[in-house]
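Have a look at the structure below before the remarks.
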Amino acid sequence: MTEQEIRVAVVGYSFMGKAHSNAWRNVGAFFPGLPAVRQQVLVGRDGAAVKAAAHQYGWAEAATDWEAVVARDDVDLVDICTPGDTHRDIALAALAAGKHVLVEKPLANTVVEAEEMVAAAASARATGTRAAVGFNYRRVPALALARELIADGRIGAVRQVRAAYLQDWLADAAAPMTWRLRKETAGSGVLGDLGSHVVDLVQLLLDEPVVTASGRLETFVPTRPGPDGAEQVTVDDAAWATLGTASGAVASVEVSRMATGRKNGLTLEVYGDRGALSFDLERLNELQVQDGLAGPALGFQRVLVTEPEHPSLSAWWPPGHVLGWDHTFTIQAAELLQAVAGGADPTPSFEDGLQVQRALAAIADSSERGGVRVDVPTGPTGPTGPTGRTGTED
Amino acid sequence: MTEQEIRVAVVGYSFMGKAHSNAWRNVGAFFPGLPAVRQQVLVGRDGAAVKAAAHQYGWAEAATDWEAVVARDDVDLVDICTPGDTHRDIALAALAAGKHVLVEKPLANTVVEAEEMVAAAASARATGTRAAVGFNYRRVPALALARELIADGRIGAVRQVRAAYLQDWLADAAAPMTWRLRKETAGSGVLGDLGSHVVDLVQLLLDEPVVTASGRLETFVPTRPGPDGAEQVTVDDAAWATLGTASGAVASVEVSRMATGRKNGLTLEVYGDRGALSFDLERLNELQVQDGLAGPALGFQRVLVTEPEHPSLSAWWPPGHVLGWDHTFTIQAAELLQAVAGGADPTPSFEDGLQVQRALAAIADSSERGGVRVDVPTGPTGPTGPTGRTGTED
Amino acid sequence: MTEQEIRVAVVGYSFMGKAHSNAWRNVGAFFPGLPAVRQQVLVGRDGAAVKAAAHQYGWAEAATDWEAVVARDDVDLVDICTPGDTHRDIALAALAAGKHVLVEKPLANTVVEAEEMVAAAASARATGTRAAVGFNYRRVPALALARELIADGRIGAVRQVRAAYLQDWLADAAAPMTWRLRKETAGSGVLGDLGSHVVDLVQLLLDEPVVTASGRLETFVPTRPGPDGAEQVTVDDAAWATLGTASGAVASVEVSRMATGRKNGLTLEVYGDRGALSFDLERLNELQVQDGLAGPALGFQRVLVTEPEHPSLSAWWPPGHVLGWDHTFTIQAAELLQAVAGGADPTPSFEDGLQVQRALAAIADSSERGGVRVDVPTGPTGPTGPTGRTGTED
Amino acid sequence: MTEQEIRVAVVGYSFMGKAHSNAWRNVGAFFPGLPAVRQQVLVGRDGAAVKAAAHQYGWAEAATDWEAVVARDDVDLVDICTPGDTHRDIALAALAAGKHVLVEKPLANTVVEAEEMVAAAASARATGTRAAVGFNYRRVPALALARELIADGRIGAVRQVRAAYLQDWLADAAAPMTWRLRKETAGSGVLGDLGSHVVDLVQLLLDEPVVTASGRLETFVPTRPGPDGAEQVTVDDAAWATLGTASGAVASVEVSRMATGRKNGLTLEVYGDRGALSFDLERLNELQVQDGLAGPALGFQRVLVTEPEHPSLSAWWPPGHVLGWDHTFTIQAAELLQAVAGGADPTPSFEDGLQVQRALAAIADSSERGGVRVDVPTGPTGPTGPTGRTGTED
């Protein structure tokens, strides 16, 4: 397996491009048994800027034309770190060219796009081409451990999940207008940005889809200063949802960019009939565990998830030597390489990404309909009904 | 003022009766400037048991007939610690007899009852008779401080509240049936029991009523073992709500008796446009403060609310010598005595209690209607529909 | 047993007198099986002030002459809450008069006084008269649980204790001079005041005496403003010690009144060869437990010590309804009453109190001798050697 | 400046070699304005193993002969990650060859060695050759911020530091013998390993040397299983010290490999006369701040040290996206490159490393002498006694 080399192209070189570049540069140093990575080319629209970024982040080349890049023979994997409105086009082209694809979350801006991408991934899969979506928080070792503990029955059957993802970078009403606050460019506000992570984690941890959703979206600051005066904010800056899963569990979700004092506050509490788990991304090396198989529920145990037997940890440092946020992307790269090398389907799949989109669309739809509970379709991809319940974009 | 003596009767001698007895026994030792309290009589149905309890808790007498007690000349204040379905009758009788009344929360089991009690309190007020409802968590010094900080503008205009009250005493599906799990006796499940505290605190902290509600109630364990086999649980054991306030703030609420590992987990996060606050009842002497007037929001300050200048603290111990849960009832008693002595209306009033009931009824109503947002009436008491729910959109 | 009545006199009515009065007023309400308490008389030097305090705190009478009080026939128990320099005289008189005695910590100001008190208590014991010293933190349920867990082998053999008691009320160099800062009145500074608690807890938890001590005392603010200008501070305002126990464990101790931001920061960490415990008095309802019998040491479990099976907790409230600082005195009173009623010796005994004094004296002695380790005598009371190692007051 | 390239050789390829390789591989991606790094050669004794490591960690070559490597023309900087007993020889050779040197902490195994290295670094400095010691925890942004806050007077004059570094990897008495537990190979036990970090941080934060020390060393498990039966442990596995600084501050230090449940528990509390700071390496992105310039000391503020204005943070990710342990080495590399490029002396210098060694030697010396306080020499390097300890007993 170690003979193999994967030549990677990353499209996008800002925040996510930097994080993914870091992962490709380092994955081999920590996961030596995997195919070697060659940082082939970094792609961006601004030639000078992408050239500088490529140099800084360790890429052999820079390029400005993604369509040319995805067609190159010396590229094996295309990693898409661009804004959501370009995901579908790049992914479809790359898959059609036989390249493995990693798409930064959310999978797409609409359910319709996501469904097209799922169809393309399904076709590509038949020829051994792999597709994955980049929900990197699945790779936080503490959350991977949480999933293991739940799967092992350590908290029993899950009844309730209490989840939030709170930031405060828009709390100041004087913060200026950006493309992220316009529906036509961003597709969605905090719901798509942070809510997508939360929904993915709920579905991951419970290993089942969300099937009903009740939602409320709010825009607390309706206008913001633009270069030519006040502009209308057309996306949500906070959102709430109550989700039902197939097994009857209920998850509450709150996401916000207005939660003063919260910087990257992704918190999860999972309550089973025998035990419970709790997590906070700002302390990402820790998992609070109420182990239902270890006696009465007298209190949460703070597990520092840095032991060699913890998920992915044997690749890193001795116990107590904590990981940072960016390590999750390195682990994500490792798991994708392993799938590619092993001829297996990576996770999360485009189907997983689609299912997140469907839940988000249902939340938005419910909000428009006064909060009434709506169903989230979970079957195979197909035409959706005229109600718009599965697609806010109809 | 100190010449005055208030002769108290407490009705009920179990959990709440014990807590209120403790308050009456101790209030004078910590708040010496108030009217003296005489622990006149403890009332309960079981003569032997109430006699033993009266002896234990420091009451001069025990009695079994509350109707006789509320009519006695040597009783000035009736403190009602019985289950919710008797609140109205006792309160109305006591007010009619010119006694001051304290009613343990929730004010009543239905909005209709609560409205009757409000009307009675309004009449009594005209003759200087006082009525209050016992939302003791208002008296947690950290929450009283929270209210002050918000009123002083220290966190700016509140946009979001994230609240929960989580316990786990019913998480075990084998826990037996009790009267608390039957609608006919308990009126409501966790929503009325714990949710009433949360709604009261939201309205207190924001100093405005909840005006819309979307809710979901859930009964995770639908039957429980009774003496003669499985019995149906007819109340909720978990509930969720998204509430809107008059000013446009949104509060999310989650309450549960199934949250494994949470013993008395009342948590509140309040996000304003300049700062934020956070509280956890399991650490009730602490308030986490993000002071919006003290620079950028870089982190929460853990304030140990035990300084002499903190609310009610000068009555107690030196800094760092923490209070317990039961001290909140002593402070509650002190504030009621102060109102009585000063000829002022105590808080929270029956009107406050009614407003909580209305919000709870709206949440339950929304749940039955698929989660759609309903209005919460806030005007003066008026005729209500026959259901006892105040007619949220019907 | 319940027929018995214990008539109590408390000497002293300020901070500790208030706390002890609270305990005597409430002990019967929570521990009903014990002898009834009669709050007979409160004693103080200022007649008007003690009369007011007696009224406020629930005492039948006030008195100013402690010598007369301890001789009264209608007093069964004398509870000494005065400054340390009067402990010996009052205790000896009370014991001689056949009264049970409770002495607030520290037992005495000097080892010599403590030895006399031990001798007196030993004589009194022969006639069924009981003597105890008031190290109330032994009654914190979390610390009582800690002791149980250690005794049950849950953390294995203890190797290290890391302890501190940090306050900040003298951190401001402008804080005025008080009698507490003069050696002639206070005997000692923070070492005797807070250090005595820490040493007692170390000896309690490990169930063995401290046998060696190395110490350092420091006075960071050597003069403070008095009414007539700057005065010399003649006691320590911070102290450090490294203590060895009989079994070979080592305890580090740090106490300070200068630790800015710490209000009542008594923290203990106990490391055994299989597990560990951690405690913080500012969160006194919690014990962090690393249970050595429950698998590998992956993290501390936060136990909320409010379950009915936890020490003393069945007397109080349901799980999660936390206790405060003052409850420890009520539990202390209950344990003393139980010993008196049962004809057993209460703990901590005067011998325990003496052993604390000896360790404190050794710490101070070591400090004067450049920090060199000195032995702490542990045998029966007798004349001490000329080195001064067992007595700072020679 | 960016034109320059620094060709690096790392000697050692296990734990520290991996961590330093990671730093050299990544420093350019985060600190683009610095000289480019070329990962020239990785050096180790086992040819096959070092070749594999070099490949894995991104080095152009592997080598087994460090003496040849330090003499190579195509090496500009030698980074020494070997055990302490080889530090002097490699460093002296490299400096003599005109190479910049980074030595992993502790600087050396003895004070004598450290003094020789200081002399060599002083000579090299004259020709622009730079030498630094790798106390990477100086590069934890929260600790760099702590230093800034103290230097800015935000906590006033420091009086007390309470420090510990607690691990538990030797708590199990059955853990096998290793070279780390033999004095001849390891030089010291936990004192040199973890204590050196603590002493360095104390001297860094207070910006002054430790001048007196009282110490106690303990070996709780005196023998451990070796391949041929039980072997004697000849180093300390726990140590305590009370240190005095030039300005009169006192620091308590506790280090242990036996602290069950602590994985990498470096904790620091710094108390000034106006404010305080607290830090825990297991939560290395956080600093608890009691800002003395922001009002009364009511509680610690949890600052998430991830804002762009925090030390080194502008190089990394947006607020709330936390760093890990290994990032500290990358920052360390950046600061060294900056010094080299700017013609400035890097910190911590060999002199800083020597001063740590002197304090450690004094602690060990004090322990052997019963804990009595000894002086720590702080003057310029001079002849020392034959023991290698800098004459505390002279």
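Order of writing sets the chain letters: A, B, C and D. Residues in each chain are counted from 1.
Operating definition for what follows: a residue touches a chain if its C-beta (ideal position, glycine included) is under 8 Å from a C-beta of that chain, and two chains touch if they have at least 3 such contacts.
Keep in mind that what you see is a predicted model, and the values were worked out from it rather than measured.
Using the mean of the Cα atoms as each chain's centre, the chain most removed from chain D is B. Looking at which of B-D and A-D shares more C-beta pairs in contact, the answer is the pair A-D.
In whole angstrom, the spacing between the mean C-alpha positions of chain A and chain B is 41.
Averaged C-alpha coordinates give centres for chain B and chain D that are 55 Å from one another. Put simply, the C-alpha centre of chain A and that of chain D have 37 angstrom between them.
Residue positions 262, 299-300, 304 of chain B each touch two or more of the other chains.
Of all the residues in chain D, the ones that touch chain B in their complex are 286, 289, 294-295, 298-304, 307. Taken in their complex, chain C has these residues touching chain B: 15, 18-19, 21-22, 25-26, 28-29, 32, 52, 56-58, 167, 169, 262-265, 281-285, 304, 306, 316-327.
Contact residues on chain C toward chain D in their complex (touch as defined above): 155-156, 159-160, 162, 164, 166, 168, 171-173, 214, 216, 218, 220, 238, 240, 242, 248, 250, 252, 254, 256, 258-262, 269, 271-276, 290, 292, 297, 299-300, 366, 369-373.
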